[in-house]
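Got a structure for you, written out below as structure tokens; questions coming shortly.
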């Protein structure tokens, strides 16, 4: 027999669980398998950067064969996980397959994008010794990789999986890029911790973000005139945003070739070719 | 024989270890098992949100039986770990059991609190597609969950375990809530990275925090008139604090229904029903 | 036969991989084993703080024997990993051994440094209950530990490994200390998330950093007159830097005994014995 | 789309699975978890021989407390696994608990039995250096241990679990003792591989078995006059059975103090105090 | 520097390794991955007996879809492992695929065979409580399952993999069935330990084998008149062979409906409908 | 509070544990770590057959360097485990090192022995397709490998470890070779299950054993005139012993060039150049 305390707590929890409309008990929620989703991310790195993350024993065959094998497996796992996120119908079984195949077919382009991001990172960070080091150890490139594979799933309205992917990257890197964001080529993220890129953000080519930058929404109470649905800013080509800057609002556009200084706080658009500097608050130097 | 270098280093380390009053060598420190403590957190999620984190095979029995089984195991593991944090006496063996039973008995109420936090999160984040997604993938709710189970252990003055729990959540989410804080219902944390909530903070109901918010202590050199022991602020009901705001000091009270704008820096109390906005520092737009 | 989609994607990826000068396919890149490197960090904690992270069963022998055994293993693993980062030559095989032995020989001194950092942490954080708690659970001390063992490898110009170590600590703690920084005794990091310490930073003794502090480089576009190669600031003895402060530039020196207030933004030197306070931006309190 | 071959095979397997009355698909079979059952065996060794298989860190408390903690966990796991073997009814939930408690309550007696088996092993094997060696490494004692804990579950008519336990021991040791057998004190098994002890065997005290001994059933075609249900022999006290001997049949009784020589083949009873020797078949020595 | 002893031993081993024509060093041997091969066996059980070994979460879809998903994965892994056993040529890449697809296409028939083996086991063992118990815990059926999937690979002359499979089963069950044997329907193996079935054995339908039975080769020195290549016996339909019997030689045929008694030793053919009994060697009963 | 049943069982077990002179509770027994010992066996295979069991990534360096690295690690682990088997004294610490170094220094010779055993296996088994297959999958060679590395430890009177090694091989292969046996070159074991080779057995060169062979001791009651301490037989060069044969007794010598037929039972010496055949017991063929 369970002790009194255990029994009462069990009864209480059973009641709590049933007190809500959210299904909390039983085999009633279709859910993907978090470990499998993370496994797919791992396998995607094997496909995109074989020499760094793949199994060397498999690489004495032609690259195309190596890729075909791994892609077949990834496609199966992905199809399975997508199907687990959708109500069980024949239609959805087909959709799960189509979506997984679509992601597979985009991988070569994603690979080319990531090589450009890698180049941008190498150019942007004087502390980087080699492309190798960036590929192998940089959190910024890792977060961009996860974004680039999660985004097509977001576009297909796959529930949960893109979010699981982006939160996994967030947890490892402190960089939170919503998979809904639209991000151009040659994207560079330095250090990274504390970066937030919101769901409806649009970012052009050759953009650089430093740690602690927020591309966020005006809060409901503060914001006005937002394009319905577009809650986060637009950043045009060749923009650099230094650490701690906050740019908010769906109508806010940072024009091309602009540099936004550290800790800037912008809720209005900035035309292109501008240098935005915060006039430093007065600093007082007292004798200690 | 070890080489000269190894032997000298070993001798040097042995000496270093003995050069301090802190016990560093031998079976002299009673310590909980970090993995077990994290395992308890995992089991608590199985009990609070069975359909999401529990073993489906066990859920074809009535919910109360499922809960009683798991609670029994959690209680045993928790008692064991608490006992490992206390000096080995009969009195403490009994205390370990009492404390573990007390936490068990509070779980139904904690479950109800978390459902309210979930509701607050769903209402607060327009990007959230479903309660499911929040439960399964949101770091904010995860950090609140850990806080809500670690806090009763802090109240019982259990050493180490509440801190191990909160640091685990901190490491996974970037959100650092000291288990000593007192936090009301319907608590919402967005994104989260960089949030710090200090040990003696008091937070009311319906409070929202955005990333990078600090509820901290005035440093010893800066602070005055602190209530002894109360080093962190009080935030009353229905307060929203936007990203990057810093609120410091044990006497600082943010009155009910207040909105604190992003990057605000407050070391004095604010009466209720206020909107606190930082007058933006002058922003200079130069041609780039 | 692979399906059409798989085959095309495989061909596309094979092409992508060959479209770059960066070696991406085959057994052509010598790389360390990330898991082994992290394993070395774990073993180093066993050697430095045996009672907390070591195997108690091995501690009924004299401390020196315990250390010698573990050090021998660490040296072997480290030598192996270093060798994997260098081109395969006899000269490099010898270098890998010399470097690994050099790190081993420095460990007693590193151990003494960490005991001082521990003391600084205990003194600096009123919420710390015991040295035990700090050793076992504080992210700040963990990040400092990783820095102190990665730095000698950086000095020896070992590729990749110091970076893998520091990014591992970054991922677990949100604290990003470049292994190239030079940091004195009694270093204290509070909370930690969001701290960035750049590659050429110099930090004296008895320095305290709070969360979100950046010791960074002026960006190429902004900076002038930098000492070639020295891109990050110098912080002298007994300096405290509060949360969110940003200090930039290789010529920027924060003089001894200075206190830098929260959210300060400094790109110029500050003489010693100074208290740097940001004059708070005007705060507006409207009725909500 | 799956290829033709896959689709046809999948259809064929779906058909195969449905072609039988045995339920082969879906969540329709209640089954214990094999890993958990093996985990219970591991935990039982921790309870019976703590210094050899238990966690030393837990043994600085009084033995009774150590045992109580582990027993509580074992009881919970066992109850859970037993419940998974029975149809889901309230009655069976109670039975699962009662049976698990009954096994717990018998453990002290089982412990005493095993110490006698250990003594018999030490006395019986001149190659044994110490009791330690036997406890730690002898397959014979391991198989007896598993039998002694599986037997009470067999008596309670628990399905599957006793068999999973005995097959696990069989797989590790080559010794196949059916959990239904009834075996007295001071039981000794040498080497062990190939020993078979059938379900209705009865074995007295101080019995020794060598490798390859079968205590089996007469096959249906061969056997006569069997006691209904009793298909395997009875071996009385102080009997030694040398390697390769086969003893068959439910009516076959080997009287006390008997020695059965290697490779004997007995299907009839032997009175006590007898030495049974096979007259060796003629051996021919030819020049090779 | 390595110590003298290590260096000499290393030099000695390097020499030893080069003293043989067998390639022992470097990346020169193409080998399958043992863990992957065992993983394929595990996956095949998921496909053949889903309710017992499969993932229940996947079984709320139609059986055919469940099968198709798993089969696709198995086919990929199998193709990969087969390819690793063959010299790397385009021809062999195609062969690896064809063979893997062939095994997939035979699985429905293999499934039907195993259901018959299961039926034979249930009928043959009075101690079996249920088909469930046999499927879940009987070593005999496990060994037959492994044989039935390894045999088609043997027929295709795949190197290594069939042997790895059969040795894995041998290690777990003590039953050694060479994958080259040809075995009919309704095959039953009791207990099993010590059974050996040689490479060129032919076994008909409804055959039963008990523990310790050898179907082996006459040794070169002993044997005469063997059919070239056929070194092991033929056992026709409805034959039962009791424990410890040894039947040797490629020309030896045990005719249909024969019963071979325990410990029989046969090197010549037996016509059908015979009962072969060893006249027991004289047994001497002395007073002990 | 634990339930009544748990408490009584715990008290009973505590009493049981204290009822014996064998130390069963607390940190009082020095024991090796079974997993580490098995790990050493795994590492020894990497050193002896690198291409089959080693890490290919490490094999692009010269073989001698590869060996030296691995040997250094093996020596450390072995020294540690040996030390755990001996009472803790300085003298024993030195002995542990000497013994481990001695095993290391013998490895080149052991490697050459194993290549001869491999040759004998290839010659002896017509079913073996390649040396590769034998190395990778044959239980016989595995058991011989374990014997050859465990035997020197036995000679040094290391407690427990040689036995743990031989029981591990026994458990995997069904072959039980006591590490005390003395075995010559070109040793061949077929199939293997059920083979027993006792502690004081002496085996010459070019000996072949088939499954189920016992080289054992006359039991105390049966045996006479044994050389004190020598309890198991001597088998001279070029002897073949077929399956199921039993040879017992310390004075029993099987002379060179002898062939012992299957199921022979010998307790007396056989001169050389003999063919020992059991006159088959009369076999009766009845109509079934």
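Letters A, B, C, D, E and F mark the chains as written, and numbering starts fresh at 1 in each.
Everything that follows uses one rule, which is that contacts are C-beta pairs under 8 Å (C-beta built on N, C-alpha and C of every residue); 3 or more make two chains touch, one makes a residue touch a chain.
Quick caveat, the model's predicted, so the values are computed rather than measured.
Participant: Name, by label, each chain that touches both members of the pair chain C and chain E.
Facilitator: Common contact partners of chain C and chain E, which must touch each of the two, are A, B, D, F.
Participant: If we look at chain A and chain D, which chains touch each of them?
Facilitator: Both-contact set = B, C, E, F.
Participant: Is the contact between copies chain A and chain B built from the same residues on both sides or from different ones, judged by whether over half of the numbers are shared?
Facilitator: Mostly different residues form this interface, as fewer than half of the numbers used are common to both chains.
Participant: Please report how many Å separate the Cα centroid of chain A from that of chain E, as a whole number.
Facilitator: 49
Participant: I'd like the Å distance between the centres of chain D and chain E, where a centre is the mean of that chain's Cα atoms.
Facilitator: Averaging C-alpha atoms per chain gives centres 25 Å apart.
Participant: Hunt down the residues of chain F that sit against at least two other chains at once, touch-wise.
Facilitator: 1, 3, 27, 56-57, 60, 65, 72, 174, 193-194, 212, 244, 259, 263, 280-281
Participant: Which bits of chain C are touching chain F when the two form their complex?
Facilitator: 27, 33, 57-58, 60-61, 65, 69, 72-73, 76, 79-80, 83-84, 88, 93
Participant: Show which residues of chain D lie in contact with chain E when the two form their complex.
Facilitator: 2-3, 5-20, 22-29, 31, 34, 159-160, 163-164, 167, 170-171, 174, 176, 178, 180, 193-194, 196, 198-199, 212, 214, 216-217, 219, 221-222, 231, 244, 246, 248, 257-259, 263-266, 270, 273-281
Participant: Quick one: which bits of chain E touch chain B in the complex? Just the residue numbers, please.
Facilitator: Listed in rising order, the residues are 1, 3, 56-57.
Participant: Which part of chain D faces chain F closely enough to touch in the complex?
Facilitator: 47-52, 56, 59-60, 62-68, 71-72, 75, 101, 104-105, 107-109, 111-112, 115, 118, 126-127, 129-133, 135-139, 172-174, 191, 193-194, 211-212, 240, 242-244, 259, 261-263, 280-288
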